[in-house]
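Once you've had a glance at the structure underneath, I'll fire off some questions.
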């Protein structure tokens, strides 16, 4: 049935973008118990830097994106070491307050330097145009997004399940105090995780620029979306975030195809249902 | 969730009926009226928002349930008061009662489901509630006016004599006295065993459970109380501005209220009022001087407040309050 | 008690008004200067100041002082407060601005009571002008630009059209207007798609358009990111290749037009102002705007503000700088002039602007930049929403 295939294709694509943007937030919140509401700001930063490098400075797409990722990760390391670290001990409300203030400052900065306009990201030749999938066409850019999403999942799985760093990460999430006393460098783990999360956010910002255009209010506009994916998926759970993102993406897309008059009712109803049945995350007990 | 700060517990008479606080409050209301006649409109706005933020404080400060969905209760109260004025009666006090009732009703319905959860889950569910309500208000255009807003209703003069006119004098007194009364009532309620029970739930839920407290009914009662006062704030807003827009039911309003609360300090109602005054005042001034860059100012302020000593705003007020108390106690003794 | 109230208020008003220069005419402009819609405020400010500069800072010999107030987004409470402050504290003679309908509706009782003429620079819902006798509009209404589009679609031989609008009041208005007009002429609306405000991914809707079997799609989008998202989805999902015509109104406005790139080429819209309008008045307007701010982009919002100031100029002239709302409104009823958009007139009955509506197509201009080239002139249109 073509409607079903449409829903699945578009839903998976949308879900993948949500996953890439939100996974960093989930891991950070799970590991450091740090409510980072400025996560969207890193996505925006990555997108803006990539857009400026590619459009204004004439870098190639691959080079521009890579540089943007590195810049964002470096920025995240600096911020984490000097600023955010002091917030881990503070209460949740204070973390919310600070990160929202930081987000405001980022929005104002973006507006100051680049104006209120939408930042367009020129796509390279191989990402333009569409591929034919039977009766319908799918933009090549979306295919790249899905492929990248799959690649990110694989990479993260390798990182977490097969490397020493992954062991440190899992141990720290389970019990930071114990891990520290066993000799794991908690500070390093926290900093590296934060940077990775920010890097993934930047990647999500770049890839999602078609769906979620880059403009100064980007971090606040999509904040709720990220929080929903993270909450439903469960803090700190990568597979949970993937599951949640895909599920919510498909449900949202389905509602747009079938019953768009109800707005985002189905999205939030789905979220309420999932959270009430599984408050700690979709794949947790 | 840790408490930000709580005013020191005094066991003497002033705790029961802190007349010094009330005198200061009344004095402020009169003083501001005579000193800043040109700013009555903004002070009216502060008064209305302060009631909303106080009601939020009940949930977030006293019971430790951070919520981003409070605007739903405010919005539904606003629409109720507007519809009451349009179809039932233009009497402002009746409208307020209707608004409080509707706010409490929505709080009962949503709270029955919501207060089973805690922490991040609770927060996200409240976001869902406000977004769904916002969506509903947008769709039910024939009742709420949708995007165009609900207007075309007039409010009868208060007590039959004080008209709500263009100068805003009646509006100022109406909202300021309403704020004063709401503060009195809420303070009395939250300093009673009911309020202490809520604080206990915030501090240690399992312990309270072990004590024999039934958490769920307790929190539900608190939620309904909070909803009633949020509805009052919404009703006041609808009556004074005589138009209700979709923004009264928006997520942004909830977020702003939470920011105002945390800015001023949670856990005692004064913090709500202070935070509202501070945030609104700064927004007003920064917006008139340089609108697009006011975000820098607010962002900077929020970040700064977090790094100031715990409950900075509160401590300053504490010290002032203590000095007044000891001096008056010395006089009385 | 009431006498005391009024007396106190009058005393206060007298005390406050002492500051104003007797000869200065004050204009209060309420627009978004912060938040996601802040570009409107900048557009209004640039145009108003450009007009003022062209008149050397004086209207009919009187100094003009413009006071700006931020409205945020659609927040009727905030705007009502701002208007109240402007009227009571700052004692403005005229109000201007208003991007969103609820904001304009909120000030209706205020301007009626204080007899302050208010010029609507942007808000496009027909009923606003009926809410007070002191409203005059220099922007447009959705009905005004949609009805001629429906007519043109019918004349071109299109029989099946699908409507896809953003699900909020202006979008629904647009859909209803197009629907009514097109079906009246014998056409068929095959599907009415409502797109939720929070939509990021437009592919589902574009696919639905494709599946509906329509020959054209009447689209209404609010401006900003959704426009870009939709146009991209429209191209990437092969709608253009399938020959489904895009029929819009404000979607290709100059503020974001360049961002669309080649994706926008060939989009047809029916609207009242294009920056590429070929007239001397428009060229002078462009020059004035460039002098005001080198990076100034001007679109329908700019021209709404520019013409709004023209109307205020006329009102100041007619009342000789004094505050007389009734005299001012009487003077501008039937007022005609040549605007950068073409010849315009303020309708004496509805106080809405009667103006030419054009059919435009997006093309690359001589300077290589994208522009809305006017390919047909539908002639002067009144506010069809009030019929």
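What to note about this one:
Order as written gives the chain letters A, B and C; numbering starts at 1 within each chain.
FYI, a residue touches a chain if its C-beta (ideal position, glycine included) is under 8 Å from a C-beta of that chain, and two chains touch if they have at least 3 such contacts.
Given the structure is predicted, the values throughout are model-derived calculations rather than measurements.
Averaging Cα atoms per chain gives one point for each, and the point farthest from that of subunit A is the centre of C. Contact tally for A-C versus B-C: the pair with more C-beta pairs in contact is B-C.
Taking the mean of the C-alpha atoms as each chain's centre, subunit A and subunit B sit 34 Å apart. With centres taken as mean Cα positions, subunit C sits 36 Å from subunit B. Counting partner chains per residue, subunit B has residues 135, 138-139, 292, 295 touching two or more of them. Of all residues in subunit C, those that touch two or more other chains are 38, 167, 196-197.
Among the residues of subunit A, those touching two or more other chains are numbered 111, 261-264.
Those residues of subunit A lying in contact with subunit B across their complex are 86-87, 90-94, 96-98, 100-108, 111-112, 224, 227-228, 231-232, 235, 261-265, 268-269, 271-272, 275-276, 279-280. Residues 1-2, 4, 60, 66, 113, 116-117, 120-121, 123-125, 127-128, 131-132, 135, 138-139, 251, 255, 258-259, 262-263, 266, 292-293, 295-296, 298-303, 305-307 of subunit B are the ones that touch subunit A when the two sit in their complex. Residues 1-2, 5, 8-9, 12-13, 16, 33-34, 38, 41, 69-70, 73-77, 80-81, 84-85, 87-89, 101-102, 105-106, 108-110, 113-114, 125, 127, 131, 167-170, 172, 196-197 of subunit C touch subunit B in their complex. Interface of subunit C with subunit A (complex): residues 35-36, 38-39, 42, 167, 193-201, 203-205, 207-208, 210-211, 224-225, 228-229, 232, 236-238, 255-256, 259, 261. Subunit B meets subunit C in the complex at residues 37-38, 41-42, 45, 135, 138-139, 141, 145-149, 151-152, 154, 161-163, 165-170, 237, 241-248, 287-288, 291-292, 294-295.
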